[in-house]
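Report on one structure; see the data block that follows.
Letters A, B and C mark the chains in the order given here, with residues in each chain numbered from 1 onward.
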Amino acid sequence: MSAAEASVSAARPAVDRRRARRRSAWRRRRLVLLLLSPWLAGFAVFFGYPLVMSAYLSFNHYDLLSPPRWVGLANYRYMFTVDPQVWTAIKNTLWLIAVMVPLQVLFSFGIASMLARAKSGGGFFRTVFYLPALAPPVAATLAFVFILNPSTGPVNIILGHLGITGPLWFQDPAWSKPSLTILGLWGVGNTMIIFLAAVLDVPRHLYESAELDGAGPFQRLRWVTIPTISPVILFAVILGVIQGLQYFTQAYVAAGVASGQASQAADVTSGNLGYPLDSTLVYPVLLYQHGFTDFQMGYASAMAMLLLAVSFAVTLVIVLNSRKWVHQGGAAR
Amino acid sequence: MSATSAPAPLVRRRAWSPGRRRRFLLTVANNAVLIGLAIAFLAPFAFITLTALMSNSQALSADLWPHPFAWHNFVDVFTKAPLWRWTLNTLEYSILATLGVVVSSVPVAYALARIRFRGREVLFMIVLIALMLPPQVTVVPLYVMWAKFHPFGFNFIGTLWPVILPNWLGDAFSIFLLRQFFLTIPEEYLDAARVDGCGELRILSTVVVRLAKPAIVAVALFSFLYTFNDFFLPLLYAGESPHHWVLSIGLSEFRSLHQVQWNLTMAATLLVMAPVIVIFFLAQKAFVEGVTLTGVKG
Amino acid sequence: MRRVRALVALLVLVGACAAAVAAVAGTSRSTGPTKLTVWVGWSARELGVFQKVVAEYDQAHPNVTVDVVGSINDDKIVAAIRAGTAPDVVSSFNSYNVGTYCSSGGWINLGPLMKQSGISASLFPAATQYYTQYDGTRCALPLLADDYGLYYNKTLFKSAGISGPPKTIAELTADAKKLTKFNPDGSIKVLGLDPFIGFYENVPERWVTAWGAKWLDGQNNSILSKQPGWSQWLKWQRSYIDWVGYDKLVKFQAGLGDEFSASNAFEVGKLAMNLDGEWRVAFIQAEHPKLDYGTAPMPTAKPSLYGSGYINGTIIGIPKNGKNQAEAWDLVKWLTTNTHALAELSNGLRNVPSTQASLTSKELTPDAHFATFLKIFGNPNSTTSPITAAGVSYTNLVQNFATKWQAGKVSSLSSGLSSLDKQLDAMVKQAKGGGVP
């Protein structure tokens, strides 16, 4: 074989290799597209398009019967300067995020820590604490409104026997959100299980070395457990905040049932959303009312845009701040 | 003379060290609190059951114990309200949606986890963003879209199809969960299959699916649970056609249909909770595994 | 893999078939008589009454069969019209949304149809004419009317030593205080009168008629702050609530039975007096026939207003996109103008007949309790609530304000009412599509 032939024959495999690589890359891309196509289609249709459309509709007056009519910033102006209920709705949602979410995280973490410590009957307790999380939200809300009825509900009756005048719970604007919080605490099963797994996962040797350093149980909690599971805490907080921003079902059902306990049935509907006194009027409920009861779809889209902005902002704030106190794996120090 | 002949020394237990005593007290306190909380957590269930067994007038009064026990309430709910219809609708929605979620999310999660391609991280970011967005943001245009879409004169509003169909095109939460799990599959398994000459799709359907069975079961369970309890979207789309109501809507409207017969409402509530609780007991391990998967690797 | 693919394909096929079958079923037309679907708000016993009357129409018109669906409320009607799934004929218990229905064209303009059939609006009493049209477009017709008066429990009156129903607000307050009985622990045992807005039929529009206050001026601007009747009513309400005790009232109210059940607070004697509609007569007849009660017009602030009350009523119309508009109109025409039908319905439902002719029909069975309401209906001072483009949100906003006021959350009534006026005007403007003034 001459040198030229040898170089040619050496070059051919290189070309073949490159061509083969390109072919396999192309095949890979085709495969990826195939696998991703349903989701990409779904994303475009059920996410991308509505998002763009929502932004567009927010500048229009649209009631679904006549075509959308451009009104510029009128919806936003109405929302920020005139709508008497928007600020209440924002405050209510923020209340839930500021009060209910931290309480839920603390409560589920507390129960998980205690469960981790308990040796006997752990499985039984775990089931008991998880069970309410399985209850359908509507059913659970109905049950709680009934149980917390200020005059005929078991809770106030038992409190009465103990000599305490129970509050008006869902009938009192000062107590309606706390009542929803209690309902929320009842259902922390999911977060609790996550915390339990995380706490049980903390390496033993970290506790042992802390104990050797003379740390008591609470100090171990503060300096070993919490830092080690901090990613999980972050996750729980983010999840809680996201759920808080979308909180709809319990507020809607509770307002409807609590007000309907002694008021008009089939006559004027939707006048009772947020009962009592707009205290349970969370932002998604108001959005639903404006969009689907009043059929002010342009205005509801403007509200949706605000919700979008707030969701982004809040998630961003949490994630950025998380670097400060979340340990990414490894031992605590 | 005192016979100080020392008797046989009594066996004396050594007093507990302060550390041991403190640990014991802590354990007692721990268990006491747990028991107290467990009672508090179970109490609502007890109240619901007791009310479900009362007569209507008793349920409205301040009585705590049914007198007599109205077992027939559980039968009455079926005649007083179309509970079967609602159950069928709910099952139709849940089963179809769960199937769709599993079938469409697995390939996507696999691609995001195991196949290297440009823009993979960006796409995953987008999945996360989709997860974080409240549904209320997109709900208005989606409703308009379904209201205006009339293929062959078919009306989507008033049915459950607008809620079911999107699940067949992937679900962000399930994709996220499955991707996290797929990341844990060692590359060696996949390489071994590749060496055997399997195409990527074969690998996915045979090797990966089998390895990821617990994650897939968890995703299916979550999907089923979520759709079984879903209220907002079915309310939106099927709210004004009672024929298509799901259990959550039916339960909340029960009161206006039947003028707040709380005993029946509570009985219906129990019946609605029952299947979910039964499924939980049968699939406990998968549930807990699934919940753990969500958070710990997060 | 092939198995999975086959399974997926099968599922998709099944899904598509189901959709197709549903679509076909939805659009196929039966080759028999035209099927009309009518949506009404009535349910249970009342629905039965309506169905019986409709059955007469069915018999007399073999070319149509009428299917009646009950328990409909405005939310459902609005949603169905938007989605294009509305039935042939719709009816609503109240007229609050007429403004939206007419101005958006959701309910078709009945004017041309009326002219064609030679039906003039003067067939209907003046009040009912007002709340079935908006801005010159009549898109609804009245189907029986409602008016409101005072129900009082004669047994409780006797034991409290009160001889007759109160005629003035002062008498009302005095009687209510006398009739209210407390338990030893301070909670309410029997309540003379429930003043809470949001309770049963208590909404601002039905109470404020007693003070003769108006809602709108000639230019359709809100004048709640300028009409003394509004603040007089609200101040009176607050003073009575303070006398009983706000928390006590809330607690008592939470334990009361549902309005349309047999445990209705007035019917079981927990409430001595109650503002209620004329249909309550039929309910009491059916559920508590032994109740010794009386009916009278609501007490008023000015003696000249006594005998008047609040009027509203069920309205009926034809939604846009309905398929059988001609047959639907025939049915609507019959239901709203046929004296016999209206008399039958009035007797069964104890609602007020809504044409001049049926008001004096011989077929109406006389009833002493019900007669009060016929008189209230005919009183020239009886009024109804405003019809605006904002629909039911208009009065809802006022109700919202009233509930805040009764809880003591409004510091200055006059400034509260002024901002309420501004909000109401802005809301109407927004509903019309103009945004913020």
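Basically, a contact is a pair of C-beta atoms (placed from the backbone, for glycine too) under 8 Å apart; a residue touches a chain by one contact, two chains touch by 3 or more.
The structure presented is a predicted model; accordingly, all values stated were derived computationally and were not measured.
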item	value
Pairwise touch network: line, ring, star, complete, or other	complete
Chains linked by the largest number of contacting C-beta pairs	A-B
Centroid-based (C-alpha) most distant chain relative to chain A	C
Distance between the centres, which are taken as Cα means, of chain C and chain B, whole angstrom	41
Separation of mean Cα positions, chain B and chain A [Å, integer]	14
Interface hub residues of chain C, defined as touching at least two other chains	43, 71, 75, 79, 82, 255, 257-260
Touching two or more other chains - residues of chain B	60, 147, 201, 204, 255-256, 259-260
Where chain A touches two or more other chains at once, by residue number	64, 151-152, 260-261, 265-266, 292
Chain A to chain C touching residues, read off their complex	61, 63-66, 69, 71-72, 74-75, 77-78, 81-82, 84-85, 149-152, 168, 171-173, 259-272, 275-278, 292-296, 299
Chain A contact footprint on chain B (complex, rising order)	26-27, 30-31, 33-34, 37-38, 41-42, 44-45, 47-48, 50-51, 60-62, 64, 104-105, 107-108, 110-111, 115-117, 123, 126, 130-145, 147, 166, 168-170, 175, 200-201, 204, 225, 228-229, 231-232, 236, 247-249, 251-252, 255-256, 259-260, 262, 265-266, 269, 272-273, 276-277, 280, 284, 287-288, 291-292, 294-296, 298
Sites on chain B touched by chain C in the complex	57, 60, 96, 99, 103, 147, 150-155, 157-159, 161, 201-202, 204-206, 239-242, 255-257, 259-261
Complex contacts: residues of chain C adjacent to chain B	1, 4, 8, 11, 15, 19-20, 22-24, 26-27, 43, 71, 75-76, 79-80, 82-85, 255, 257-261, 263
Touching residues (chain side chain C, partner chain A) in the complex	41, 43, 71, 73-75, 78-79, 81-82, 93-94, 96, 100, 104-106, 187, 198-201, 203, 247, 250-260, 265, 320, 390-393, 395-397, 399-400, 403-404, 407, 409, 422-423, 426-427, 430-431, 433-436
